[in-house]
Amino acid sequence: MSTLFLQMMNALSYGFLLFLITCGISLVFGILGVLNLAHGSLYVLGSYVGFSIIMKSGLPFWFALLVVPFVIAIIGLIIEIILLRPTYKLGHLSQVLLTFGLAYIFHDLFSIIWGKNILAVSPPEILNHSVEMMGYMIPAYRLALIAIGCVIAILLWYTQEKTKWGAVIRAGLSDKEMVGGLGVNIHLVFTLVFFFGSLLAGLGGVLGSPVLGMYPGMEFQILILSLVVLVVGGLGSVTGTFVASLLVGFVETFSRFFVPELSLIITFALMAVVLVVRPQGLVGRRI
Amino acid sequence: INTATKSDDKGKKENDSADQTIKIGALLPATGVYASLGENVNNGMELYFEEHNWEVAGKKIEIVHEDSEADPQVSLRKLRKMIEQDKIDILTGPISTAVAYAIRDDVDKNKLPFLVSHAGGNDLTRSKRSDYIWRSSFSSWQIGHSMGQWAFNNVGKKIYLTAADYAFGHEVVEAFKEAYTNAGGEIVDEVYPPLGNNDYSSYLGKMNRDDIDGIYAFFAGSDAVRFVQQYEQYGLKGKIPLIGSGWLVAEDVRPQQGNAPEGIKSSIFWDYSLETEENKKFVEAYEKKFNKRPSIESLEGYDAAAIMAKAIESLNGDVSDPTKIVEQISSVELISPRGLIKFDKDTHHVIQDLYIVETVVVDGSTENKVIDTISQVVDPGK
Amino acid sequence: MEKEIILSLRGLSKAFGGLKVIEDITLEVKVGEKIGLIGPNGAGKTTLFNMIAGDLAPSGGTISYFGELINSSPNYKRTQEGIVRTFQKNNLMLGLTVKENLLLVLQRMSKEHTQWWKQAKKGNYSTLFETANKILQEWGLSEYSESKVQDLSYGVQRQIEIIMAVAGKPKLLLLDEPTAGMSQVETDQIIGLINKLPSEVTIIMIEHDIDVLFGNSDRVIVLHTGRLIADDHPEAVRENPEVKEIYMGREGAVHA
Amino acid sequence: MLSLKEVNSYYGASHVLHGVDLEVKKGEVVALLGRNGMGKTTMIHSIIGFVKKVQGEVLFEGQNMAGLQSHQIARKGIGIVPQGRRIFPNLTVTENLTVFANMKGGEWDLERIFTCFPRLKEREKSHAGNLSGGEQSMLSIGRALMRNPKILLLDEPTEGLSPLMVGEVMDVLLMLKETGMSMLLVEQNISTALSVADDVYIISKGKVVYHDHPEKLKNNMDIAYQHLALSS
Amino acid sequence: MRKKLIQGILLFLIMVFVPFFLSLYYVNILTEILILGVFAVSLNILVGQTGLVSLGHAAFFGAGAYATGLAATNISSNVFFTLAIGMSLAFLLAIVIGFVSTKAHGFYFLMLTLACSQMIYSIVYQWTKVTGGSNGLSGIPSPILFGSFELSNQVFIYYFILVVFTIVIFIISRLLHSPLGYVFIGIKENEERMKSIGYNTAFYKNLSFLIAGTLGGLAGSLYVIFNGFISPSDVYWTVSGSVLIMVLIGGAGTLWGPVIGAAFIVILETIISSYTENWMMIIGITFILFVIFAPNGIAGIFTSIQQVLFNRNKVEVEKSIIKPIKQQTKMDG
């Protein structure tokens, strides 16, 4: 019974970690419809910049948590304005090519600046211990991730559902020109959303780094993982991504526990099953 | 067409004897997950040749670098380029066993001397053995097997096995299992998380049981960092001893693990802390040149360079005949920073000492300390 | 001789969630009839078409075509059997030229479409080209034949929408507001051509232009909130006070 | 209020409008007629900024708007009911109406739209893509009104509406006209157009071929037909 | 058409004489380009024609390769036999994956194909006894053409693959301009309408998937014949990604675009990575330049040049039939 409790906690904390990693791409791709294959790179960039601040400059973790997302967001902003804008009218395949190119560039930049070795970040002092729950040790940092994940989920859900931003973006996806004709600068909206998506990538990068570390090529793993969670939840809603993160967290954790041989296949199998049964994901809107 | 290629072949030989440089092809990953391993092997080679002014037996040494991307397909393409375009005399590399297996036939067909400086697949010196392929690094078997008896004597009678789910992990664990059960130990259970797994909590949950004396783990790179960290975070450290291969606590992953690896015991064929003359000299020179500690891959590069140099020397720099090169390689015997190494002429595999290493905390950070030596381990070759 | 019944609906209904859009419609259509279908906006006319054409599954009731139940037959099969529709909202292959759009219809009927070794442009296919050219000429659209559909004006796209259906040699042609967005000159032209179709072609036409509708139907059906409220000769329907009230409005007469 | 001077518009290389002059005075309804493909929509799109390559002057309240982006143009007080309705299918009816609304100083709000078009009220929570054709037309008109513009560009607003609804919409337009709203109305149904228009333009092949008072045409529809048919 | 045929024959003859002029190294690269060319061309049927953007094409490559490899090792290394085995397995796999994934649209389709191919990857990766696991399948015997005539020489293999490549290109060029090819394009443009016109689009999408998958399997088989090994990394999604990029860079929807794309990527990667460790950066920059300056791929550049140089009308007709990148592929589902 109590091992099950432990696995529940593991699943929960892993699920929230997934959510923190995916919420950025959920915003940028799921809601904005921009297929940014460099999103994983922005996440990893967040981790690396965080590493430089925390481990190299010795500044506190919290400082990095505050600064890094903005650094990444500004980089995202520049990418959006200079490179992505022209691709909106060209379509997704051009975005695939462009952002894949970006991911390649980032890959080399990372190894030039931070080397090719594996790096890790220590969690902040006060969370750098484990908490005992029902006789099991659980890292305090993981518990903190659950709390932060909840806050972000609520904020995102609120902005999407309760403000008109979500609606403007959805409108822009179906007819950008018309949105302009109704007096909304849709380019600005897109840029802002991309900014926030990158901000979340940076945030995820900092928050994820104590658990996942960073190493060359990590961005592609993060990317695929995010895309899987994204489609399981369905494009178009943060709620979907949230649900999917937890679902994937639970399924992966428990499958590792009960049928470890299948753990490599399980996420993809889950995704395939979800898509076959519900072709637009669990909570996805038909866009 | 046949004649065309043949004359091409001849051209190569003539060119070489006239040429005053000896070309060594280094097929190593420069990008992707294994990039840092490739870099370290390279550094080791460079250090050695720099110490010898890039000259052996009066000939200039040139290293031709190609990025293998740790991808067999790309590697094969690069290998062909090095053979045809660069006309290399000796090949070394390649880190990934899959690459080694993939290029094996082409190497063999082209009679290209290939000194494997890192790639653990057992079969390379067993069923896939080639006259032209010699391995100076290690085999999976050596790593795993060496610890079996030791673990039975020093850790306990019941052990839980875990390894990254890929051929290397399985081979190492198999070898350990063989030695350990032969010694009388019992494997309680085993679990294989996928390579590149990011959350070990549920596996650790499975291993967290009272009826075992220890866990034997094979993880490397980022897997090792995460596994060891989470081993501590989930409260197994101090409760269940952890042993494994040296990569679990390698020079380049320990800094990222904090103090989590304290107390882990592992088996490996070289360690930073080895107190021999050769090693001290090597470490010092390496740190001076690269401003960081050598890793085991640096040592592998350094040794491979030394072996090739020795072989070339004994040929007086005449590398026109590949069979002679491999013959000379096979007779190299030297005291390397890792101790005495020589080749087993039957298996083409290196014979070397293996060390049992314990990780301890010194001045707030971790260091490895050699606590036992298993001398001159010979791979059985089948 | 009594004409054969081409389409028969029995107790047909459709609900979206709790919203009942079509309720219990029973209707018979004979071969060659020209039927006008009118009703206020949102009455369920397009939904009815969607069900007949197989784009929507009914929630209840049956649809028979030449006496055969086709409830579960998919839309493409119904098209192959002669039930061809146009869309109220243009629905074309925007990136292809007008002619290519038309050729896709023609080759489907010529049964050549599964042949990958034949070259489209040669052999039998050249007769398809000629047919396409002829149709475009007849409908006065030759000048657009090589233009991409997405570069055409809305009204011209509407015309192509209709040609695509007519070129499919329908037995039962479902026209959903064919003349919407067309200028009067074009309307006259298109309606003229529709009238030229062989007399055995059955047509059901939804149209808000009541001049066009009443002038070209043998029978007018009125739908209101998903129910059939009138089914009669055009003149009778025109005089029906309820229809006047819910559909034509005060100004109905002005347009007539 | 709005005037076009020597306007030339292009789609890529193809030249669609050839030196068009047109004027809409304050509080006036100008009808624009023409056969299919003659450039009516292009003209509307040139004003609102959807057409990228526009030469000549598009003056709104004396200010040249050529070269501005469409959201800037729209914010000056220009509302549009585009051809083909172009409602946002994945937004609900209410969202379609409120998200782009501009309540400042305007008389139109959700309530008023719903009184005008009770059908929309019944469907307020539906996704607009599920509406019937006519309902979408109403929504498109409502959406433009919610912006409380100074001038309305209407591109076949009555398309797909039942005669009853056409009457209602025309009533609304007449009422708007009374409150001083200017309008540029593209319409295929000549008599409907003439019933509200103060001024009529007929264009053909991107050129204005006729411009006069509607009374002239009302009395003699043949003129209109002549000019309209001329283009073929 | 006749002109095209003559051009094709000329090109073929040039290719036949290549080994007499170029060193074995270049012949090998050329062989690899031909193989990847077949692979890219097969994906192009999905991406460029039918508008189904797949990120799981490596599954078929892998299926063909492993089946061929296993057949050659365990049964017979006759090329025709091993090719047939490889293509059959790919065919069967395409039936299953196609059935599952063509139900989804746009991005969901992409992710479903990705999921299926990653599952194939896991099977290959974990079924160590049969597939060799992460170490791959190596030491596959040289293929035998007739009797005991071994294709042991790289040049023979080049000729064999050249012949297969030519046949594939010929078939695809027929398909591209055939009535069936038009149906695929119609589906890319507007699947709903195609149904209303009377096409069973589900069937045609599956058909397109089958053709693409089987040819993808053929590419995998050729790869094993050429290299004598196969490893799981050739089934990994990055392979699907890079073949997709070949198609896009070359020009989706065109006949030669994907082949040119394959050549471009192979050559670029091979050359640049010999000079600098940071070759990925250079390739990345190239991708970006392509998107900005040549959104229709290399084939698109050719068309534009032709348009400038020659009478433009002729080309325009061509171009409108084969529509390059301007995607109707609604990736947002």
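Here the chain labels run A, B, C, D and E in written order, and each chain numbers its own residues starting at 1.
Heads up, the rule we're going with is that contacts are C-beta pairs under 8 Å (C-beta built on N, C-alpha and C of every residue); 3 or more make two chains touch, one makes a residue touch a chain.
What you are looking at is a predicted structure, and each value in this text was computed from that prediction instead of being measured.
Steps from chain A to chain C, taking the shortest chain of touch contacts, total 2.
Taking the mean of C-alpha positions as each chain's centre, the chain lying farthest from the centre of chain C is B.
Of all the chains, the one whose CA centre sits at the greatest distance from that of chain D is B. Averaged Cα coordinates give chain B a centre that lies 36 Å from the centre of chain E.
Chain B and chain C have Cα centroids separated by 74 Å. Averaged C-alpha coordinates give centres for chain D and chain E that are 50 Å from one another. Inter-chain spacing, taken between the CA centroids of chain C and chain E, is 42 Å.
Counting partner chains per residue, chain E shows two or more touched chains at residues 125-126, 277, 280, 326. Shown for chain B are the residues that touch two or more other chains, namely 31, 165.
Each chain pair that touches appears in this list: A-B, A-D, A-E, B-E, C-D, C-E. Chain B contributes residues 31-33, 35-36, 38-39, 165, 191-194, 196-199, 201-203, 205-206, 208, 221-222, 225-226, 229-230, 233-235, 252-253, 256-258 to its touches with chain A in the complex.
Note for the complex: chain D touches chain A at residues 48-50, 69-72, 74-75, 80, 82, 86, 88-91, 95-96, 98-100, 102, 143, 147.
Listing the residues of chain A that touch chain B in their complex gives 3, 6-7, 10-11, 13-14, 17, 107-108, 111, 115-120, 122, 130, 132, 136-139, 141-142, 211-213, 215-218, 221, 252-254, 256-257, 260-261, 263-264.
Listing the residues of chain E that touch chain A in their complex gives 47, 53, 100, 103-105, 107-108, 111-112, 114-116, 118-119, 122-123, 125-126, 237-238, 241, 244-245, 248-249, 252, 277-278, 280-281, 283-288, 290-292, 295, 325-327, 329, 331-333. Here chain E touches chain B in the complex through residues 19-20, 23-25, 28-29, 32, 125-126, 128, 132-136, 138-139, 153, 155, 223, 227-229, 231-234, 266, 269-270, 273-274, 277, 279-280, going by the rule given at the top.
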